[in-house]
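See below for the structure under consideration.
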Amino acid sequence: MKVCRRETFNAAHRLFIEDWNEAKNLEVFGKCSYPNYHGHNYTLEVWVDGDIDPNTGFVVDLKTLKHIIREEVIERFDHKNLNLDCPEFDGLNPTAENIAVVIWKLLRNRIDESFKLEVQLTETENNKVFYSGEE
Amino acid sequence: MKVCRRETFNAAHRLFIEDWNEAKNLEVFGKCSYPNYHGHNYTLEVWVDGDIDPNTGFVVDLKTLKHIIREEVIERFDHKNLNLDCPEFDGLNPTAENIAVVIWKLLRNRIDESFKLEVQLTETENNKVFYSGEE
Amino acid sequence: MKVCRRETFNAAHRLFIEDWNEAKNLEVFGKCSYPNYHGHNYTLEVWVDGDIDPNTGFVVDLKTLKHIIREEVIERFDHKNLNLDCPEFDGLNPTAENIAVVIWKLLRNRIDESFKLEVQLTETENNKVFYSGEE
Amino acid sequence: MKVCRRETFNAAHRLFIEDWNEAKNLEVFGKCSYPNYHGHNYTLEVWVDGDIDPNTGFVVDLKTLKHIIREEVIERFDHKNLNLDCPEFDGLNPTAENIAVVIWKLLRNRIDESFKLEVQLTETENNKVFYSGEE
Amino acid sequence: MKVCRRETFNAAHRLFIEDWNEAKNLEVFGKCSYPNYHGHNYTLEVWVDGDIDPNTGFVVDLKTLKHIIREEVIERFDHKNLNLDCPEFDGLNPTAENIAVVIWKLLRNRIDESFKLEVQLTETENNKVFYSGEE
Amino acid sequence: MKVCRRETFNAAHRLFIEDWNEAKNLEVFGKCSYPNYHGHNYTLEVWVDGDIDPNTGFVVDLKTLKHIIREEVIERFDHKNLNLDCPEFDGLNPTAENIAVVIWKLLRNRIDESFKLEVQLTETENNKVFYSGEE
């Protein structure tokens, strides 16, 4: 049984590798590398996989999961510039893939080990990523 | 190859453990335990996993699946109070998780064993559960 | 210029006229009149129509509008039984139309007269109503 | 008869009045005023109101409208920082309301006078604005 | 007070003026004029505007409206080829605009004159039309 | 880590087995077998599963994936009649399942073998299929 809580946050970012010059960044990342940033409404789905507690009928209390997501992810990244404001992305290009890994690690510390954890991050209506920690 | 049919139903429920007093129910389930019930538009996705029939090009006929879902789930739960009207939830807290298990079992009886069955139940735009019967 | 804030709430209700017997209620309201209630995820859009404040660039601050909606509507109706818990529907059938009028009146008291007010209430993905107070 | 074309763009912005100090900006605009910008996936609906051409059956060719929107709006604002990159917002706070007015004026120049023009701009799933040019 | 019922149908069509040759049709209508048809999932919203009946709390019974839409629109156009199967489009190019006018007229005959009638027809996620009969 | 690109196309089709007579086709496929075709807005999600490139932070560049999907799928099927225009469906009933397999094979040729490939094809808001190539 898997349960899912959805939350959203809005952030600015640009895709940019410091070791590359502007021309190479533009070639690889296109308009996503424009110097003054752009932004997205990110939609995050957090899936927790485990057994149903026979007392409550919950896998996990989604109210609790909501609070954990808000503390670990929303307060950290909402209305922020991922490149400038968030040390999690020092030296790490804030692609949807990398944001998902960072979020997964932040949440993994807060979710009991007995549960499997997966995150899906939607960046635009056409682009999304899914990370299950199984590398 | 997996195929999916989506159906919806509207029902009232409250989360409530009979063995607990009101205060403990309120502490654990919050406003979901309010005594006079609240309700949801439930969205159900039923996934059936199997091989494509080389004659029809179908895994299963989704019209047939639609009728099975309507007979087993929609007629049973639509516009009902899950706590009061539905014996499936006697002594079983009607959390999204438990509703999904009940639905999965009802449908499992009607879908040929050669197919794997999964259900996803969306309770609100932020909360959903997925059950594949693999416990 | 019109601006819109969207909020959601979950409630139970039944359609039922006290002066009618069960048979007539069932004939007119169908399964919406079932005695033990059913429920919906209601989606409310509140539109405020006025001039842009040349200082802020806002018609109204949507954060303020969000708080007004939560105080007047969400705290009042969320996770409630509209028939049993809400005196606003004493003697008033809680159809989507009547809920929208009640909400419009509650909000009208809190929005400056210089603004026009409209509400849209979505009851299911197929049914919604829109009220602009122009009777 | 009204026809609508939907397009999307992603941009960074902050809400900020230059004549105010940081504290007042923060008080009025909250986290929308954070100094390093945040961003949104903006969804734009452009409505054109007029008679159906009896030859083509179109009010306007939506392919043509698509190209006008892309030239005037998407190329100008997509993957940009509205505060830093876009002279349209020099001295103009890039609220959804003001962005909608700017877009309406850009498109008004390109749509024949015989048609009425309206724009709806969605900033988040909860916030949107609608501008019809009738001030 | 306005109320809305949403229904869907799937149909094939092509945009094509018989008096024009293939080259001109292709120039004006692009790939929408390809000779062997393409198709859409059409989403229809029917809005009825009137006073609330003080007995029922309904403007109109949406169940009744649903049946009228299904009789007049869905049975007529669902899983049909609008050009080949539907005499309503003899000599009338089945653009979204013209389909909306045809639907409006079919429904106007069935809705009491005391109510205003509006239809919105969505052809793709980016293209839609709205017709209120006010020409 | 899986990444997803969404694209859409509009096509006409009918479900029909040449070796069967009209009566049997109608019995099995219902209105989906009507002779003059109907159509859908198909939504395609293409999922690519692999490791994150430590240089770019991408699994695959979604701009590149977009171009591959457009070349292999959209240009081939958009605004086409799958039965009449597309040799991929000669002797193959264009069910959602079979369309998904055809698309998967077309894309599999263009995506590096080191990546797993999955496609989800949505035919209507209620019907969709998912194919991972694991038969």
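Going by the order they are written in, the chains are A, B, C, D, E and F; count residues from 1 in each one.
As a convention for this text, a contact is a pair of C-beta atoms (placed from the backbone, for glycine too) under 8 Å apart; a residue touches a chain by one contact, two chains touch by 3 or more.
Owing to the predicted nature of the structure, the values given are computational and were not obtained by experimental measurement.
Touching chain C and chain D at once are the following chains: E.
Listed candidates were D-E, E-F or B-C; the one reproducing the C-D interface, defined as more than half of contact pairs identical by residue number, is D-E.
As for how the two copies chain E and chain F face one another, over half of their interface residue numbers coincide. Using the mean of the Cα atoms as each chain's centre, the chain most removed from chain E is A. In this assembly, the C-alpha centroid of chain C lies 41 Å from the C-alpha centroid of chain F. One simple way to say how far apart two chains are is to compare their mean CA positions; for chain A and chain D this gives 28 Å.
Chain centres here are Cα averages; for chain D and chain F they lie 34 Å apart. Looking at chain D, residues 125 sit in touch with two or more other chains.
Interchain contacts (touch definition given at top) occur between A-B, A-D, A-F, B-C, B-F, C-D, C-E, D-E, E-F.
Listed in rising order, the residues of chain E touching chain D in the complex are 15, 17, 28-30, 92-98, 100-101, 125-131, 135.
Per the touch definition, chain B reaches chain F in the complex via residues 1-7, 47, 51-52, 55-59, 61-63, 66. Within the complex, the chain B residues that touch chain C are 8, 10-13, 31-32, 34, 36-41, 78-81, 84-85, 124-125.
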